[in-house]
Amino acid sequence: MGGSLNLDEIVADVAREIQPHRGEGLVADYIPPLARVDPRRFGMAIITCDGQVAETGDSWMPFSIQSISKVFTLALALEKLGDELWTRVGREPSGSRFNSIVQLEAERGVPRNPFINAGAIVVTDAVLAGRRPDEAIGEIRDFLRKLAANDTIDVDKEVATQEAATGFRNFSLAYFMRGFENLKAPVEDALVTYFNQCALRITCQQLARAGLFLANGGVDPITGERIVSTEHARRINAIMLTCGHYDASGEFAFEVGLPGKSGVGGGILTIVPGRAAVAVWSPGLNAVGNSQVGTLALEKLVQRTGWSIF
Amino acid sequence: MGGSLNLDEIVADVAREIQPHRGEGLVADYIPPLARVDPRRFGMAIITCDGQVAETGDSWMPFSIQSISKVFTLALALEKLGDELWTRVGREPSGSRFNSIVQLEAERGVPRNPFINAGAIVVTDAVLAGRRPDEAIGEIRDFLRKLAANDTIDVDKEVATQEAATGFRNFSLAYFMRGFENLKAPVEDALVTYFNQCALRITCQQLARAGLFLANGGVDPITGERIVSTEHARRINAIMLTCGHYDASGEFAFEVGLPGKSGVGGGILTIVPGRAAVAVWSPGLNAVGNSQVGTLALEKLVQRTGWSIF
Amino acid sequence: MGGSLNLDEIVADVAREIQPHRGEGLVADYIPPLARVDPRRFGMAIITCDGQVAETGDSWMPFSIQSISKVFTLALALEKLGDELWTRVGREPSGSRFNSIVQLEAERGVPRNPFINAGAIVVTDAVLAGRRPDEAIGEIRDFLRKLAANDTIDVDKEVATQEAATGFRNFSLAYFMRGFENLKAPVEDALVTYFNQCALRITCQQLARAGLFLANGGVDPITGERIVSTEHARRINAIMLTCGHYDASGEFAFEVGLPGKSGVGGGILTIVPGRAAVAVWSPGLNAVGNSQVGTLALEKLVQRTGWSIF
Amino acid sequence: MGGSLNLDEIVADVAREIQPHRGEGLVADYIPPLARVDPRRFGMAIITCDGQVAETGDSWMPFSIQSISKVFTLALALEKLGDELWTRVGREPSGSRFNSIVQLEAERGVPRNPFINAGAIVVTDAVLAGRRPDEAIGEIRDFLRKLAANDTIDVDKEVATQEAATGFRNFSLAYFMRGFENLKAPVEDALVTYFNQCALRITCQQLARAGLFLANGGVDPITGERIVSTEHARRINAIMLTCGHYDASGEFAFEVGLPGKSGVGGGILTIVPGRAAVAVWSPGLNAVGNSQVGTLALEKLVQRTGWSIF
């Protein structure tokens, strides 16, 4: 079905439609390197399972991956630990803000899902698996490089350092879970890995390419390599749909109707099961912390392609 | 795609596979008329958008619709109030148990979504719209009769009465919202309507038929009649996927991967967007209150049909 | 020590000092009969264990007893049930607002203490003990009449009726506890009793006299009659000190330093263990719902008498 | 009144009465130096405002002061900051466990009172006031030495180190508050100070002596030196009564009826306003974390002396 659409034309239409909205939303400003990004940036890239590519705008420009990295560490952790991972983190929507600690107390240190911060820190700890942070950071970066078929992807050390210097809530969450023995590594090690993974820089082109295996049952359709099991791919997609957009996951399910994961850097990765992966980027965020123009662009795309799963 | 599958054969296979599991789970026992249902009952019915029907087991046998009724009152309320409904009830997963009151206090009487009890009571109040309960109960029943093309669907008055006599938590939720003026009708009126809607008896055949418009963008594909707007159909499906199974909505999204709504009577309505509606019924419930064998049957069905949206 | 003070002079001084503050605070306005009370009213009455009386201002004027009634129903319930009462209600500060339902959910229908609304409803239910509401209301009224040595004390039926018509939150709390079987009577019976007890009208003179047994180890020092056991008197005083003023119990313990219980009608009953009982009334409430000028008057009184227990 | 009692005899009676209970309760075992304390230890010391001393058992034996230190840092912080302190920490009972983080989230990083862990960390941060931890630790130690008139009081470095190595929840609380900018010092500095203050070793004799100023309006009655203002002494006493024993503050108010503060090392400091200070120590803890035999001894003491404020 992806093949029968003229994606170049559709993408061009989407870009035209969102044009008047460029610059809307508020750029994350809790650390300077995020705050100084030009709010008018907008990029979109689509890659289909049969290798078709369509893109527009700043799709070539690297941005801070932030929470979208949680999708990839989840894939790594699932392959390492299998279902054992689910003893340490749940798979249900949280109904709370991304950094809430209330649920953690009631559920004795087990976060509700891998996409709220506490859950992502546990997943990172599972990837870390007792190693030095450098090794885990290298593994995560290399995983993304391989998936994106691009060796230039790297950590923005300024972002990583500044996240670490200001991420008090994440330290609080991590120590809280450590108190329940749901963090195996020292808090400092788990968090330096986490902050580095969130500080990876990636372009829309690279991100769509990197997520494509999730649209194809866990197998990279271009190389034919199996990245995760079919079951794990399905699991990750289900979690993206139900938990991928914090307090607005239900809203995104309605407006876009596809598994997706947003990041505070303004990026969104969206999976069209069986068809394609889509990455958008625009740094202005809406009230719940998702890219405002990015979300709008995905709505326009879905209207034109009929890709909503509903 | 639904047309290319041999649904009769698939349904027969599913029935064979779940055979050793019949009787598993615990039948709801909080009121006698639910408690005395035979736990070994199992039925399944599929109806496709092009009118193909496949069924098995006790698909002809009426059971208590319970929370699945929330899907239909939501459709009615959305058509009546439109987006104004969303000022009174949210659209996000709750992350709490179906009858929790904690979130209601924090969010000043506005329930998180239409499928937790508090939200469903607000939706019923919106359908009631100042009328006498009998009128609203009649409207809801007639809506189901029309959708299912079956005039025998009716309320089990014994169930309705006993729910009312024991539903203290629902009274608590309703009075709580009344205190925030998010219930317009007197509590007694809203709840008698609610308890009657939950006490409707329906078969798998009727339920699948009644839900078919949700698989077809809001238009009943058999009669061609528009039931709700395309947007509302999409909205309802999105809410079913993210919030349809209480604390196990994420799990259902993974295992089945389709919008669905379960009821404590053991029924589940599942929508295959663009293709079909499926109803299963088996009264034994799993730990989170969803039909155990029914869920299993849907998993088997999805494995065979590839209907998961992920 | 009470005897060596010139209480008439002290009370006159207090009245003079609070004079510029009369009218401060906001009169409760959730029902008309409370809303129309003159905010400039102020009365104070002291009665010592050796029978000395001092009073000022509107100490002769009846006002709505409201939550102060909880002290007297607690005394009744403790004498009826003894320590069994503590299986149904706790004795610790709640740390939450007086009408919060959150703690009730976490602690399965057992309220934290007898002075938050939920706890007081349980206590009233214990006094009711399966009888008709009229009997229990009569018993509570007669108990107060006996303690105050005044047969004119009675329920303001207008207040009772209007509380019942608007007390949605109390209905919610009561149904919630009924769901946990921590309310034995039908909700309507427990609440009509509760609303009537809160609607009793009493003067400062009567209230101080009625509370005097708590200053004297459970024995009315004027008549010599034992009202409650020494242990129960001590228990009630301890609960008044730690829980008597909602969110401002700690503040009252500091500012006044005596066991006390306030009501939304503007009254406060304060116990000076071993010495006296004090009642003040001024209808304007501060931000946490306690009489603003009444609290100020008690502070002045304690400064002059040195009666703070700290 | 303290003078008219034969305290030596009373203390001997109390010791005799608790004799069969020695060894009851569970010794804190989260770090080895606490776990290896002999559970049968018991000591008590009373000092009256007129200098009378009575003691029994292991009153000469140093134990870990733990949370009782919070009383003294509160005195220091109040003298330093005055009422400004109350913008950073509340003065009301928490209704939650001593280490709960739930309330902190709802109230944006402001702990409910100075005696729950979060509140005590804020108070320590206020004492620290931007200095190096060593200076603050020295100041706290010297304050206790002066109050106890004993220069041997010192920190048990083994306890301090092990608390720091295992105190994940305290790190979580501290980082949480740091995220709300309610901690001025780096978390490590605030906590090393906190862990050292809790690791001070003190005897019952020294502790009763050190707390005596709180029984005398803020002035040490032996030396005549003013330690804190009368108002601050009253404030501290009020907080000890309403918040001094975690989840059992209401129970302690009833059973003992005096301001008190317990520590997980098994000590309890109790103030008899206007009369005396009492310290007990017995390492076995009851279910809520207060010394079991120590609490019993205080009950016996109060029964004999009539010192309950109720």
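Observations
Going in written order, the chains are labelled A, B, C and D, and every chain counts its residues from 1.
Keep in mind that, in the parts below, contacts are C-beta pairs under 8 Å (C-beta built on N, C-alpha and C of every residue); 3 or more make two chains touch, one makes a residue touch a chain.
This structure is a prediction, so every number in the text was calculated from the model and none was measured.
For chain D, the chain whose average C-alpha position is most distant is B. Chain centres here are Cα means. That of chain B falls 48 Å from that of chain C. Centroids built from CA atoms put chain D at 56 Å from chain B.
Contact between chains, as defined at the top, is found for A-B, A-D, B-C, C-D. Taken together, the chain B residues at the contact with chain C in this complex read 100-102, 104-106, 168-169, 171-176, 178-179, 187. Within the complex formed with chain C, the residues of chain D that make contact are 90-96, 103, 112-113, 233-235, 237-239, 241-243, 247-251, 253-254, 257, 259, 273, 308-310.
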